[in-house]
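Written out below as C-alpha cells is the structure these notes cover.
Letters A, B and C mark the chains as written, and numbering starts fresh at 1 in each.
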Amino acid sequence: MRGNPGTEVDHVAPLHRAGPRAIAFVASQRYLDELSRTGAGVVILSSRDAAGYAGNALIVDNPHACFAKIAQLLHPPYTQPAGVAPTAQIAPDARVAASATVAAFASIEAGAVIGEYVVVGPGCHIGRNVEIGEDTRLLANVVVAHDCHLGRCCLVQAGAVIGTDGFGFARDGERWQKVPQLGRVVIGDDVEIGANTTIDRGALDDTVIGNGVKLDNQVHIAHNVRIGDHTAIAACVGIAGSTTIGARCTFGGHIGIIDHLTIADDVHVTAGSLVTSSITHAGIYSSSLKAQPVEEWRRNAARLHHLDELAHRVRDLEAMLKKFTQEHKP
Amino acid sequence: MRGNPGTEVDHVAPLHRAGPRAIAFVASQRYLDELSRTGAGVVILSSRDAAGYAGNALIVDNPHACFAKIAQLLHPPYTQPAGVAPTAQIAPDARVAASATVAAFASIEAGAVIGEYVVVGPGCHIGRNVEIGEDTRLLANVVVAHDCHLGRCCLVQAGAVIGTDGFGFARDGERWQKVPQLGRVVIGDDVEIGANTTIDRGALDDTVIGNGVKLDNQVHIAHNVRIGDHTAIAACVGIAGSTTIGARCTFGGHIGIIDHLTIADDVHVTAGSLVTSSITHAGIYSSSLKAQPVEEWRRNAARLHHLDELAHRVRDLEAMLKKFTQEHKP
Amino acid sequence: MRGNPGTEVDHVAPLHRAGPRAIAFVASQRYLDELSRTGAGVVILSSRDAAGYAGNALIVDNPHACFAKIAQLLHPPYTQPAGVAPTAQIAPDARVAASATVAAFASIEAGAVIGEYVVVGPGCHIGRNVEIGEDTRLLANVVVAHDCHLGRCCLVQAGAVIGTDGFGFARDGERWQKVPQLGRVVIGDDVEIGANTTIDRGALDDTVIGNGVKLDNQVHIAHNVRIGDHTAIAACVGIAGSTTIGARCTFGGHIGIIDHLTIADDVHVTAGSLVTSSITHAGIYSSSLKAQPVEEWRRNAARLHHLDELAHRVRDLEAMLKKFTQEHKP
C-alpha cells in the first residue's frame, strides 16, 4: 500500500467511474490513460504501472488476481437462507444437510446426498444417488442425472445439464442400436460450469472433470472425456467422446475437438479452431480463419479448393526452369 | 388491391396449399411457378410479380413485411388468461401487474417488477429486483437473474438464460480466481431471444442489448457485449467479452466473434465465419469454407498447412526467372 | 457361442475391468491387446478377432450392435412408477394414459395427449394439443410447445426445447417484422434428442424429423428443416431453415449447414465443416481445418488471405516461362 493507509473502500468499480470509496485495478498498459483520470479511492497495480500514478496504490505482482480476491470479499454472492422451500420435493431417503438451501420447485430423488451449505436453485432436478459436496451452488433449472458426483465449492450456472446419456449408438443395418450409458460424471472441487452447458455421463467408465476446471456457457463435453485440473474452456466449445485433455490448458470460444484424442498439459488453442489429432507438446495451436471482405475471401477460398493443383503447377514450373537453365548454361 | 375487393381471408398459407380463404405471398421470383398454380384467395406481391398474375392481388413494395403484418393480425399469439397460477411462487414484495400472467411453477423473487400484460411462462425463474417491461412474454423455463432489465414487447423463447455470471477469472499461479460479475443485462424494447440462448451479465459495467435486436437459438452473448439496435444474429453464434456490435448488422449461423472488438453499423457476416479483428466499415465479410468431397479437401488442406512455403517457392521462381531472362536477353 | 455354454453374466463392462460375471466386446483391432488380458466372463467379437482368443466368446458379425442389444437387456432404463405426481399440473381436458408417468412440477396443457408408458420428467412443460406416442420418455426440464407431435419410443434428454418459434423476420425499413411461426414439429418413432438441443416449429409448413433419427446435445434445427430416417447428427451442429437432409446421413460435431439446401441420402460430413451448397451424391464431404502450431498457422493463414494473388503470380510465371522457352529453343 502506498498513500493514505486509512483510506476506506466498500466496493469495486472500473477506473472510469470509480469514486473515493471504490477500489479499481490496472492490469494492462492500455488503461494507463484512464488511470490518470480516475477518482478511485485506491488502485491495485503493478510496480511498473504505479510509477506514474500519484494516488493511493496497492502495489502487487498480479493486480488482476488481487482485484478478484478483494472483489470476492467486498461482493460475496447473495445467499438465500438455509432450509427447504415448502414447494420443493425431496425423496424421503435423500439426505440434505441442515445448512443447505433447496429452493422452490427443486426436486431431489432417492439416495441423493446434499452437503453442508449447498444451494440447490429453483427448478433444479437432482437424480437418484447424486452426491454434491459442501458449498457447491446450483443456480436455477440445473439438472444433475442419477449417480453423478460434484465436488466442493463448485458453481453451476442456470440451465446446465450434467449426466445425460452420451451419444452412443451402434450401426445395425440402417438402424442405430442405443448403447446404454452406464458411467457417471465425476466433477472435482472448485469447478465452474456455464449456463446451458452439457456434460454427458460415460458409456462404461466415467466422464471426469478435474479440480479447478472452468467451463463457460454452452460448452459440450461428450461421454468419457477427461479434463485435467485448472483447464479453462470458453463458450461454445465441443469436445467429442473419450478425448483426454491435460491440465492448465485454455481453449478459446467455438473450438471443436474430435474424439479419442490426447491433448497434453499446458496446451492453448485459439478461438474457432478445430483439433483433429492429438497434441503431444505444450504450446499454442490454431486453425482460426479471419473473416475478410467477402469478394476477396470468395476469390481466395475458390483458390483454396484447387490448392493442390496450384502446388503441382509450382512444382512443374520448378522442374521446367531447372531443366531449362541446365540446357542454357552460359 | 387488385381484383375482387370483397374477398375475405381468415388465415395465411403457403402458395402450394392456399385455398380461397387464405392469403399468401411471393417475395422471390423463384416462386412464380407456384404462383401460377395457387388457389389462394389473395396473394401479396410486388408490382413486378403481379404483372403475370390474374388473381386477387395485394400489390406492395415489400411483400414479405406486408405478409408478416397481416399474419400477425390473423394469427395473434395465444394468450393465457391474466393472473397468477396457484402453483406459482411470488415473493411478498415483488410487484406483479394485475394484467400479467404468471404460469405454473414460476418463481419470482423479492423486489422484482413485472409490467402490464407480461407473461411469465411455466417453470420460469425471475431473480431479485428484475424489471420486465409491458407486454413482454417469457416462454417456459426461462431464467432471468437478479437485477437484469427487459424492455417492452420482448419475446423470450423457452430455456433462455439471461444474467448468469460472465466467464471472468484471473490467473493466480496455476489456479483461477473468480472475478465477481457485478454488472447487469439491460435489454431494450421489441427484442426476441431464442431458445436456450445465454446472455451473461457484465463484470463491472452492463451487457447491453439494443432495441429491436433479434437473437436466434443457442446464441451466446458474453459479459459486457453491447449490441446496436435492430441487429439480427442467427443460431449458434458466440460473441466474446466486451465486444461492441453496431446497429442493423446481420450475422449468419455458427459465427464466432472474439473479445474486445468493435464492429461498425451495417456489417454483415456470412455463416460459419470467425471475426478476429475489429471491422470499421459497413459491408459483407466472410471466412466461410465450403465443404467439398473429402479426398479433394484433404489434398487441399494439406497444401494449406504448407502454404507459406509454397509462396516462398513462387517468389524464388520469380527471382530465378527474372535473373535468367536478364542473362539471356536475345 | 464358443466356450462354456453355462457361463452366466449379469452386467456389461469394458475389457480392462470386466470380471467373470461381465460381458465385454471388441469392435476394433486396437483393443486386441486389452482382450489378451481381460477377465471377462464372455467377450463378444468377430470371427477374425476370435481366432486369437481362448476364452468364452460370442462370435457375431457386428459385435458393437450385439453388445448394444445385450446391454439394453441387462441394463434397462430405470422406470419411475406410473402415475401423476401430486405436484404435477395437468389441464382438465388433457388425456394422460393410465400407464404414463408425470413427474414433479411437470405441466401439461389443454388438449395434450400423452400415450401409454410415456414418461414426462420433472419440470417438463407440454403445450396445448401436443401428442406424445407410446413409450416415449422425456427427461427433466424438457419443453414441447403447442401442437407438436412426437412418435413412439423416443428419448428426449434434459433441457431440450421442441417447437419454439423459428427465426422468421421480414425487413421493414431498419426494423424487423416478426413472421408468425404457424407450423409444427413432427417427430417420428425411435428418435433420440440430446440435452439442450432445440428444434424450431415450421413457419407455415412443419419441421419434420424422420424415424430413427439421433440428435446429440446442443444441436439446432431451424424451421422447416426435414431430416430423413436414421440420420445421426453429432453435438453442436446447426441446420438453417428449410434445408432437407436425406436418410442415413451422419454429421460430425460442430458442422454448420446453411438454409434452403438439399442433402442427398448417405452423405457424411466431417466435424467442423460448413455446408454451403446442396449435395447431390452420397459420399464424404469436408472442410475441416486441423489446428497446427500457431506461428506456422499464422504464416499460412496470412498467405491464404492473398491466395488469389499468388495464383495469378503462378499463372504469370507459366506464361513468361512458356514465352521464354519458345524464344530460346535450342
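Odds and ends about this structure:
Simple rule for what comes next: a contact is a pair of C-beta atoms (placed from the backbone, for glycine too) under 8 Å apart; a residue touches a chain by one contact, two chains touch by 3 or more.
Treat the numbers as computed from the prediction; the structure is a model and nothing was measured.
The angle of the rotation superposing chain B on chain C, based on CA atoms and rounded to the nearest 5, is 120 degrees. Two copies of one chain, chain A and chain B, form a contact in which under half of the residue numbers belong to both partners.
Averaged C-alpha coordinates put the centre of chain A at 24 Å from the centre of chain B. Residue numbers of chain A whose C-beta contacts span two or more other chains: 87, 105, 123, 141, 159, 196, 218, 236, 254, 288-290, 292, 304, 307, 310, 314, 317, 321, 324, 328. For chain A in complex with chain C, the touching residues are 87, 89, 105, 107, 123, 125, 128, 141, 143, 145-146, 159, 161, 164-165, 167, 169-172, 174-180, 182, 196, 198, 200, 204-205, 218, 220, 222, 236, 238, 240, 254, 256, 258, 269-270, 273-277, 279, 283-290, 292, 296, 299-300, 302-304, 307, 310, 313-314, 317, 320-321, 324, 327-328. The touching residues of chain A, when paired with chain B in their complex, are 12-14, 62, 64-65, 67-69, 71-72, 75, 77-78, 85, 87, 103-105, 121-123, 139-141, 155, 157-159, 190, 192, 194-196, 212, 214, 216-218, 229-230, 232, 234-236, 247-248, 252-254, 271-272, 288-294, 297-298, 301, 304-308, 310-311, 314, 317-318, 321, 324-325, 328, 330.
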